[in-house]
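Here chain A shows up in two complexes: once beside chain B, once beside chain C.
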Partner chain A sequence: MQQTSPLARAGRALEPLAWVGPAVVLIAVVVVWPVIVMIQSSFLKISRFGVVRGANGVDNYTKLFAEPDFGGVMIRSLIWVVAVVGLTVVLSLALAQLFNQRFPGRNIARWALIAPWAASVLMTAIIFKWMLDPEVGLINMILHDLGILDAMGGADADPLGKASTAFPWLIGVAVFVSLPFTTYALLAGLATIPADVYEAARMDGASKARIYFSITLPLLRPALTVAMLINVMNVFNSFPIIWVMTHGQPGYSTATSTIFMYILKGSDIGESAAMSVVNFGMVVVLVAVFLKVARWNRQVA
Partner chain B sequence: MKNRLTGAVTLGLAAALVLTGCGSGSGDTAGDGGSAQGGPVTLKMVAADYGDGPTADNSGEKFWKGVVDEFQAANPNIKVDVQVINWNDIDKQVATMVQNGQVPDILQTGDYSGFVADDLLYKVDEVLSPNTKADLLEKFAEFGKVNGVGYGIPFVSSARGLFYNKNLFDKAGIAEPPKTWDELKAAAEKLKKAGVAQPFGLPLGNEEAQAESFLWFMGNGGGYKDASGKWAIDSPQNIETFKYLKELVDAGLTTANPGTKNRKDVWADFAAGKVGMVNGGPMSIPIFEKGGLTEFGVAPIVGKSGPLDTTLGVEDWIMAFNKNGHQEEIKKFFDFFYSGSAAQKLSDTYKLLPVTKSGIQKLSSDEKLKPFLDALPNATFYPFQDPKWSEVNTQIKQTIGGALDDPAKVLGAIQKVATSG
Partner chain C sequence: MTVTEARPRTVPARRQATTPPGRALPSVKKVIVAASAYVIAFVFVFPYLVMVLTALRPQDELREATYLPETFAWSNFVTFWSGGLVQNLGVTLQVAAGSTILVLLVALPAAYYTARHDFKGRTAFLILVLITQMFQPTAMLVGIYREFSQLGLVDSVWSLILVNAGFNLAFAVWILNAYFASIPRELEEAAFMDGAGRGGALFRVTLPLAMPGVVTALIFTFIAAWNEFVVALTLTTSQENQPLPVALNSFIGQYQVDWQNLFAGSVIATIPVIILFALIERKVVGGLTAGAVK
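Right, the complex of A and B next:
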């Protein structure tokens, strides 16, 4: 029997560390460290020009919570997440079902579905903003030609100018860009459901609706949970659509917490950091609540 | 086994090197700080983009490359590394640089006053030669001072006027541009009857709502501060101003939903012949001409009972940070910029007004710039030296459009931001 030196033994014990090490370092540097700095900044007094002027206690938070628009912004963020994710999932379930069928031109249709995903979100938002321009917007021109819109250039041709019409448009665009990912995640989920389960159900004489709700949906749950989870985080942090299309205006009436945070950065960096921390906390809470509701790792009965 | 371990260690080291590599980029300017030693010195400069973005013919990158090439040819020992940032991002990016201790040597942007309290800047006397300093217009240099000491060096300026579309005015039967609020309303009604969708272009969106509002406030003897220098954003004059604007908006005589419209879009609409009148400046002339509109006139800004005897002046600044040393090199660059053709080229390219006596003289023959050059000596400026201004400005940009619905409430809320804390 060969004698192993203590050094070699120590080396073997440390070996896994060498392999996970870089990943750990990477996570520490690009994820953990910024979070720490963010939390630190939220307790500092920082001039708008970036000069740190010392500790500020909880003043940044007090100021943030006292902002007259803070409450509205938070409620709007919740509506935004629930509406966008809800609509996206319902539409994606239908689309996934459709694309799971065989029909002529299916491949082309599947490719078309990827398009909004392939285009940058920023580009999509700019294009929608242009299409809704009161003077030259394509959507307004079509409405005008159809006789729905009386004249170009007026308030009626300016859906992005009022919160009541702008917010639904923003939600619509957000759903549009979220659909491809969600649908494909669900399509992949559908592909994992074995055919014999369906066969057995049909043999037992189950109706189509029954099959969908008792077999397809429960077996789709893992895919659905992951798709929704990623959407919740994505949509909550979504920035470019609102920033480009309305800048949160009029006033703050279409701003979500991410937009609010960015606007605050122009006037008070410490307060903006406090908003980031609140934002971060919201995402963690939202995800925790969601996982609880979705009963994350419990097996399907 | 041994080989594998070495491999792993190498990998770890490589990763560490890559990661630390991010931070070292800025070290070189501090490293060769011993500028007197004669080795090449690199000046890091950050500048705002007056052009139409990085790919445009008039991009800031192209402009500065021309200036820097010429400067480096004359001063082989100094390299200038210019980073051009668009107006929307420059404040935030510079703030990040300052926060990380990676300040540039030279910064050209819209404000300097926030850096003074923390002793980040060279005094003007330290980086400008007496000749260059004497050529700057005194009134402008005065605004560059904090407590009597100059820190901000005037870079360019601009003034505002009322632009009107001559063809649309002819079509609507309007003989001459309006001078009073009543005349403006009457003219807008005629334009509306003649089928003009936006008789008056009113951008109160986030891009430059603070300018448009200020012009209107001044027309009623108001402003952001009163004569004694106190914030007076919700003064009776200002509230009355927004009540008048509300009448225009409700009658459909302006851009729809002004609180969400940006000046660049409204200017584009004016260039396309869809807007009868709009407030603009010399920098809007190239935009209008590029859009194919040549038949436009310029008049003084309209006031309640007569045209304004003042206008909004905007001054941009260049400043030098003292962190990296390099005082002598910066001085050379500034002298080169102001005494050579660079400042002139800047005015020609972007239709910005000069800040030097010699520069104004050179431009006095330009017919289109004349109304603005005439207005400059009497211009009013933002209260940007007030430390609250940046916060107030952010709030104005985002919310002042709402004052069309409820002037007292929205202006009162902005006043509260200005006077709190």
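Right, the complex of A and C next:
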């Protein structure tokens, strides 16, 4: 035991605070405080101009759950997350396998892959909306020239005009912007698999499919799990794609819970806060899962 | 690069040397692999190519259904430069630069201290950072909006700087922490013994060695703040205070859309960050998944 004066001890106890304190304060102000305000707001009656009109009990929640579109919005959010993340993972596994091969110009090809990741999702959504323009959209022109689309300018040339075609396009764009990160995470995972494992499997006469499913995929699992969870968070919170391309319309037929929350903010802030809390609850569950997996990985390593 | 590409090519060739007729096969496979990779790479840059080509269309060609513009109107960029959107570009630059500086000021000491010292609350702090990384501002938008309304910071650059810094702090702390932890303590001690002082050792030895991490954190934060849309959409009310993405988005709702202005703005907002991102691309995956794979 070292002999120290109380003052020196207090000084030493405060030292971490000087180094780490600013980060804690920033997180508290920007991340923690909004959560508290949000939960508080969900129990208040607030006009759309932000004027608090007193306590509201659980009325915001009752009103939210009674919204005729609520059920549809929640189911659509689920479809949105499962479809986007599922497609992203499957396609990324294939892309990672392809871009892991050696071929001339691989670095440049890999570099091209990052474009949708680096660019703002908003910009990508604007371009896709422009390429799907009923009259001059490039994708429509290509479909027209291939004989798939009968005429430009009509309802058929406006896939974003009706939910049955708009939602798949939204999912497609969301997959497009999620692919680069996921592929890169899997490429990083592939790089950690030692070559002699493959050598040994080949010596034993394992087929290519067998090697992939019995060696590559299991060893890729840590990278895959992390990439998937990060994707689930991003996709669940995804906003600009739907907002720019359809605004959740027609009706609420392409709106997820995030879009619904934003639209509600324009009419009833209290109800919007209630929707946020519901969303937030789901995010907390996802984070808990993530932390569990993170710790699991650490134990394995 | 051509040197490194040439080396692996000889490996399968050597293996095939005993069976000369099979020699052509791997190259066929290689051609297919390369060709599909090039096609996919093209698909990934295609939308941004369309964006550049649209930005170069003259006004009267915008509503024409042609694959390529007949004439290229480079003047669209001049028009952009003299238009009101330059103001919004300025806001974006302020927000991105401001958040980046704030993140570095806050993350550098925290990451250094947690890498070098074990203290009470260290694990709690790292878990807090990890949790922050998983949350996105969209999930708590109503709270952010009401908090900054109460603070009287709506429609101000400062609120955007604070929010962007707060939500990008985690990435910076993780990646810097990993870099500091990888630098041997002895190097710093040696410099200290040589009379450089604690500060001198830190600034002349440790920090330069951690530079790749600092640059990655810097570029990543800058791009994230530069691209941010939802918070800016929520927290800015007047047109002159909107960052470029929000200003461009408000164009779309209008009937008289200045599309070429919109796309000139999109090109300016997009192409620089794609190039910047290419510089740090390899380190970003590590930073984003650091909390989980550490």
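Heads up, the rule we're going with is that the second predicted complex is superposed on the first by the 277 of 301 C-alpha atoms of A that agree within 3 Å, B and C clash if a C-alpha of one lies under 4 Å from a C-alpha of the other, contacts with A are read in each partner's own complex, and residues count from 1 in each chain.
Criterion: a residue touches a chain if its C-beta (ideal position, glycine included) is under 8 Å from a C-beta of that chain, and two chains touch if they have at least 3 such contacts.
Note that the coordinates shown come from a computational prediction; the quantities given were computed from them, not determined experimentally.
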Let me test your reading of the model: by the given contact rule, A:N107 touches which partner, first (chain B), second (chain C), both or neither?
second
Dominant contact partner of chain A by residue count, chain C or chain B
C
May I ask you to decide whether A:M261 touches chain B, chain C, both, or neither, giving the answer as first, second, both or neither?
second
So in the superposed three-chain picture, is A:L64 touching just chain B, just chain C, both, or none of them (first/second/both/neither)?
neither
I'd like to know which partner A:L26 touches here: chain B for first, chain C for second, both or neither.
both
Please work out whether A:V278 is in contact with chain B alone, chain C alone, both, or neither, and reply first, second, both or neither.
neither
Once the structures are superposed on A, label A:L224 by its partner contacts, choosing first (chain B), second (chain C), both or neither.
neither
Which partner does A:A83 contact after superposing on A: first (chain B), second (chain C), both, neither?
neither
Identify the partner contact of A:E135: answer first if only chain B is touched, second if only chain C is, both if each is, neither if none is.
both
Quick check for you: in the superposed arrangement, does A:S47 touch first (chain B), second (chain C), both or neither?
first
Enumerate the residues of chain A that count as touching chain B in its complex and touching chain C in the other.
15, 18-19, 22, 26, 29, 50, 135-136, 152, 265, 269
Mind pulling up the chain C residues that touch chain A in the complex?
1-2, 5, 8-9, 30, 33-34, 36-38, 40-42, 44-45, 47-48, 50-51, 54, 62-65, 67, 102, 105-107, 109-110, 112-114, 117, 119-122, 125, 127-132, 134-136, 138-147, 149-150, 162-163, 165-167, 169, 173, 223, 226-227, 229-230, 234, 245, 248-249, 252, 259, 262-263, 266, 269-270, 273-274, 276-278, 281, 284-286, 288-289, 291-294
Okay, in this complex, where on chain B does chain A touch?
1, 4-5, 8-9, 11-12, 15-16, 19, 91-92, 94-100, 114-115, 117-118, 120, 197-198, 205-206, 252, 256-257, 259-261, 265, 269, 272, 274, 390-391, 393-395, 398-399, 401-402, 410, 413
Flag every residue of chain A that touches chain C in the complex, lowest number first.
13, 15-16, 18-20, 22-24, 26-27, 29-31, 33-39, 41, 50, 95, 98-99, 101-124, 126-131, 135-136, 138, 141, 152, 179-181, 184-185, 188, 222-223, 225-227, 229-230, 233-234, 237-240, 243-244, 258, 261-262, 265, 269, 272-273, 276, 279-280, 283, 286-287, 290-291, 293-294, 297-298, 301
Chain A contacts chain B in the complex at 8, 11-12, 15, 18-19, 21-22, 25-26, 29, 46-52, 68, 133-136, 151-155, 157-158, 160-162, 166, 246-252, 263-269
